[in-house]
Amino acid sequence: MSFVLVQVIVGGLLLGAVYALFSSGLTLVWGMMNIVNFAHGDFVMLGMYVAYVVYTLMGGGPILGAPLATLVLATVGVVVYFALIRDIMKGPMLAQILGTFGLALLLRYSVFWWFGANFLSMPQNIVGGTYAFAGLRIEASRLLAGVVALLVTLGLHLLLTRTSLGSKMLAVAEDQTAAQLMGIRPDTMQAIAWAIAAGATGLAGALIANFFYIVPTVGETLGIVAFVTVSLGGFGSVPGALVAGLLIGVIESLSGYLIGAIYKDIVVYVLFLLFLWFRPQGLMGKM
Amino acid sequence: MLLEARGITKAFGSFKAVDDASVTLEHSDILGLIGPNGAGKSTFFNCLTGDLKTTSGRVLFEGRDITDFAPELRAGLGLARTFQVPQTFEGMTVLENVMIGAFLRTAHRKEAETKARAVLERVGMSRLADAPARSLGTPGRKRLEIARALATEPKVLLLDEAMAGLNAHEVKLAIDLVRDIHRSGITLVIVEHIMEVIMSLASRVMVFHQGKEIARGSPREVTSNPAVIEAYLGKRAAKAAAGHTPVELMGGPDL
Amino acid sequence: MRRWIWLSVVVAIAIAYPLLLSSPFQQRLGALVLLYAIAASAWNIVGGYAGQVSVGHVVFFGCGAYAAMGSYAKFGLSPLFGIPGGIVIAVGLAAIIGVPTLRLSGHYFSMATIAVAETMRLIVTNTDWLGAAVGLSGPTVPRNIFDLSFLSSLPYYYLFLVILAITLFVTWWMTNSRMGFYLRAIKDSERAARSLGAPASRTKLYAYMLSAAFTSVAGALYAMMFGFVDPESGLGILISVKILIMAALGGAGLLFGPLVGAAILVPLEEISNSWLGGKGAGLTFVLYGAIIVLIARFQPGGLLSLFTRRRKPSADPGASHAP
Amino acid sequence: MSGALLRIEHLEVRYGDLIGVSDVSLEVPEGSVVALLGSNGGGKTTTLNAIAGLIPVHSGTISFRGEDIAGQKAFAIVRKGLALSPEGWRLFVQQSVENNLMLGATPLHDKSRQAALLERVYEIFPRLKERRNQRAGTMSGGERQMLAVGRALMSDPKLLMLDEPSLGLAPAVVESMYETFGRLHREGLTILLAEQSIELALEVSDFATVLQVGKSVLSGTAAALAEDPQVQKAYLGAG
Amino acid sequence: AGARAEDKVVKIGVILPMSGGTASIGAHAKAALEVAMDIINNAHPELGNLPLAKNAGLAGLGGAKIEAVFADNQGNPATGQNQALRLITEDKVAAVFGSYQSGVTLTSSAIAEKYGIPFLNSESVAANLTERGFKWFFRTTPIATDFAKIYVDFLADMKATGAKTDAIALVHDNTEYGTSVANTISTAFKEKGQPVALDVAYAVNATDVQGQVLQLKDRKPDVIIMISYTSDAILFAKTMQSLDYKPAILLADDAGYSDPSFIKAVGKISQGVFNRSSWVVGPPGSASAVIADMYKKKSGEEMDDTVARQMQGFFVLADAIDRAGATDPAKVQAALKATELKADQLMIGYRGVKFDDKGQNILASGAIIQLQDGENYVSVWPKANAEKPPVLPYKGW
């Protein structure tokens, strides 16, 4: 294998880890709790702006920006749950698309109104520049995002499979009425799920801001990849989304390098469709 | 021979829910299928109707191999069923639920409606025709499923615990209904845990245990079989079954 | 009887609208409402009645739009001739897409349709024959009436009205036919429907193809009115979402739901853009988003469900089962 | 008779415009087994669901240990010591058998008792133990019924409400389950039971109430009702 | 027409992308046009030769003021057309100006054509816009063929000074802008006998460009010509740094590289990038310097090429209305056709403004600028108007 190809694959893995990172929140609310969130990309965008504001106002780097973005977005998640999601869940699935699409526009253009449409950017090298070993170059900020992606995925997976909180959240997702019969308060569980999901999304945004540009419409660019990641991984599977993210990253990188960048999305979509043909429940999803 | 299953096996992973079961159903039989919970009765049913793909074995209907037929094709041939866990069309009225069945034999809405109403009348639900199906309790839903299945004008009707949740009086009415259905020329397979139903309706009984057939014969033979009593009936029910005298006439003497 | 009165009122308003509100912009708004109502009603067949939430319907829209513009740009014919071609392509494509995707459940289906739509958009973007990213234009100066390139929106308005009427009539007819019943049954329990002899896959596929045909017509009309199509405006995923949002907002699975949704969202979008868009502060979408959120929040079943919910079941089942 | 654990007076419940039950009154004395009888659509399920808080009460009172719980949310009611094995089971079909049981133990304050309670359920229904890791959605009908009853027992309730617990169970299982209820009853558990198998219900219970078209029309000791000609005619198929 | 002439304001409809991914363009243009209105409507003798600056208002219409009515095209051809219709029929604008994206310009100008209202476009580069036989459409900006010529000549000059310019790589997105400009450039180089060595196309708004940068790193072209919008331009700059890749000459085609946000975000790691621009700030006190100052005061941003071209276009339109002496569309159209502005009457570096039969400005031209210190572009080519000599090779960071 040529050396460049190794760099391409490593780059793809790092990219994939980022995809996994910004999909992790969606895996929870869409994959597990069964709530479509069209505003997911805009939550990432909010996280990026929080990190940017922390950086410009307080001079804080990722050490301060990431936890603050997590907290702020977790709060946003809870507010959004109580103000909107709780009620639209009484309607059909379409109501969720309707409501969260409206929410997406509202968030996107509120930020636009406040910050304007200019492209913003964190300073280069804010997380320790680029590591080079044996000619292989790895950007520290992407590596950090990748490591956090792994940790968040692991954390979510353990939470959902090993803890009673996770089990209660799943119970609520499946049947709210039955969950109530277990003495579980559905609102609490849903709000916690939204807090965790939005918090993880905010964290993702803050970390991605370290190597990506920031603009109100950035959520559109990132949102659709998150959707594909979650469904390729299989609804209901946290590790599935991680594997799917990595897979998409590598496929994109390889096909972008070997076939041509304009075809890489086509390759991803076509492989995704073929995959669903043979495995209608995604990589690791339940039937 | 109307329906025949040969060596049906259905495995979920390494677990065999049905293990090499065979059965033959003659025209105007009423076959009773009993066995402990989880014995594989419903699974066997699902293999006959095409809801589940068999792991091995063949299903023949009027001599024709239908093993690979989709459920809707089997319904078209005259194989109808009810579900143990009711599968009501929640968004529809009772009448509309039955019309779905009636549409199998006619594409016309008016005809389907007329027929559905007739079926509802026959099962004693005509007063509920316009009620939303979601307002029915479990027993109502089961009866609705019978109605739906009847509306497809089946040759064979498979009833999976269609009488669960009825009280003794209602069970009697239901038995009459099934008899009436049988009299109209429909062959039946019934799964029930209510022994009275088996005793008064079944012409033959097959007993399942852990996916395998452990006994077959007349209701009386089967219920006095010690293996069956041990695995399934328990002492109390065995005693009750022993005291049961089959009745042939509607509204005749009872238990 | 009441239904007929309502229907005549709606029809009367629809016919009179462009004569009462007769400025060119108002007429165009009216035409756009009808155009989107056609697309959303077409979507409703599969998304509302069959419960298959397609987020990739724009592929069929694009088929129509590209066929119409292509028939002019490539063959010098009137865009009108593109309509049948567009329908054929859309229906064929629906069959090809539908067979593998319609067996997917819920969200997987939605995602698969997104993937198909995006793939199509990217392919067209990279296909020079279809104008690639530049797109295809219609006749800028109409050669004759069949070029369907009018200065006034009035002819478009009535043309769209007729086609909307056809779409709604076909939808209405379908819902009252066996197919409509089967679709509703499949939506509730595919397993039970099949056990009663409803050919689930085939019925869903037919609905999908029917829906694709009408969506394609909407796309063709859209391209003709604007005289242009490019990958973004003919195959962009946002159009799918817009169509879906309109149906959901008005009431998916209800005959007039999409029309109501279009009648609210199209003017809302255009008028708020006219008022606020020039300020450049993004307030158009703050308002637009907020209103959608509020409707979803307070009427999750769509605005029309407000009226349908009130209808009482005619019988009282509680009284019928005395021992 | 010890004090009433649960007392319902003139309960009315509506489903939109439809009336579920119009006038139900009944009393469940502490430590007793009370049977709720009535034919199809009589209102048994509606009554139990209303007590558990699953459907809103239109009028009337439901007092549990003297406190009016009508109008409270289901999760709050359950935490007070009521448990319901509902009609249609309402299992968490995506989760394992054991997870379902553990979820049933959510209202338990003393988590250390979980293990013992789990053992108790496994003892009553050995099949559940065999299938502890199976997904609930793949269980057979009867197995689901066992799981629903077992799950309700997991919260170690003061009042156990069972909606047709014998539905779909093999006769031998019904027999042993009722033996268990008898034992639990002797240990002091209060049970409110809706049961289609009236003969069986009257055999195990102390008191019974008959619902007809949403009204409580008869109540008394089980023994007295078993002799009542009206009951015999309507439900036991006599005459 | 007479009644209109006496009106104290002349309305011009302005269609711009004010939301969506290119909203920053709209915001900048709006500020610039407001500055332009200030210049036209008030007396600005300090601006010398610039038409309409000296006195307040349009002299030809008795001092009438210009008023721009802004509309958002949302980046959508349909919306653009609807807004054009509204501006023409409801606001009764004398002319329409816009609409940035070529697709939107295409649909919105079609409405103006049908209504017989002049339409002036100052920034869309698609060739087909002036090939439609329109009578009411005018375009002031240089188009792809002009750019291609600039690049060919510039690189020939660089070669003459000893730089290696043999292997040229084109990097561009797959939008109408990216593909059409790339095609034209690659044709021009082929005609020169120097075909483009590597063509790297990517999908606009990329999430990642590592593969493309590696491809370049692998093939080592001497010159890279980048045709990208801001988002991708930023991503390329960041990725080139993280993968430690620098070509000898990095030549950008305006667009994203002219966006002040690009310079703010990644200027420091893009030092030495060349850019095509018609906008060159003259010495202090010159008209262009004064205007740049006014713009900066208004918007807080540095003036860039896109904005300057828009502003210039607006001046051309206003000048035509002024000369027409009326808002009567036919007269404005005639005045536009008769436009003949000299280089010193412009705020931008065109050789002049004069429309051919199709409405294209035949005197449009451009220059090459370089981001030498990572903060401000300086003009480096052609030599005649260069502030500083070009610096090679590309420095990056």
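Labels A, B, C, D and E are assigned to the chains in the order they are written; within every chain, residues are numbered from 1.
Note that in this section a contact is a pair of C-beta atoms (placed from the backbone, for glycine too) under 8 Å apart; a residue touches a chain by one contact, two chains touch by 3 or more.
Just so we're on the same page, UniProt names per chain: A, C = Branched-chain amino acid ABC transporter permease; B, D = ABC transporter ATP-binding protein.
In this text, all values refer to a predicted model and were calculated from it rather than measured experimentally.
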item: Common touching chains of chain B and chain A; value: C, D
item: Starting at chain B, fewest touch steps before arriving at chain C; value: 1
item: Most remote chain, CA-based centroid, reference being chain C; value: D
item: Maximum centroid distance from chain B, chain identifier (CA atoms); value: E
item: Rounded Å distance between chain A and chain E, as computed from the means of their C-alpha atoms; value: 37
item: Inter-centroid spacing, chain D versus chain B (mean Cα positions, whole Å); value: 28
item: Distance from chain E to chain B - Cα centre to Cα centre, in angstrom; value: 77
item: Between chain A and chain D, centroid-to-centroid distance (C-alpha), Å; value: 44
item: In chain A, residues with contacts to at least two other chains; value: 109, 112, 117, 216, 262, 265
item: Two or more partner chains touched - positions in chain C; value: 122, 125-126, 282, 284-285, 313, 316-317, 320, 323
item: Numbers and ranges of chain B residues touching at least 2 other chains; value: 135-136, 169
item: Partner chain C, residues of chain E touching it in the complex; value: 14, 16, 18-19, 23, 26-27, 30, 69-72, 74-79, 81-83, 85-86, 89-90, 102-103, 106-107, 110, 113-115, 126, 128, 132-134, 174-176, 178-180, 203
item: Complex interface listing, chain C residues touching chain A; value: 47, 53, 55, 100-101, 103-108, 111-112, 114-116, 118-119, 122-123, 125-126, 237, 241, 244-245, 247-249, 252, 281-286, 288-298, 300-302
item: Footprint of chain A on chain D - complex, ascending; value: 52-54, 73-75, 78-79, 83-84, 86, 90-95, 99, 102-104, 106-107, 151, 155
item: Residue ranges of chain D touching chain B (in the complex, touch as defined); value: 15, 18, 37, 39-41, 45, 87-88, 127, 131, 138-146, 164, 167-176, 196-199, 234-237
item: Of chain C, residues touching chain B in the complex; value: 176-178, 181-182, 184-185, 187-189, 191-200, 313-317, 320, 323
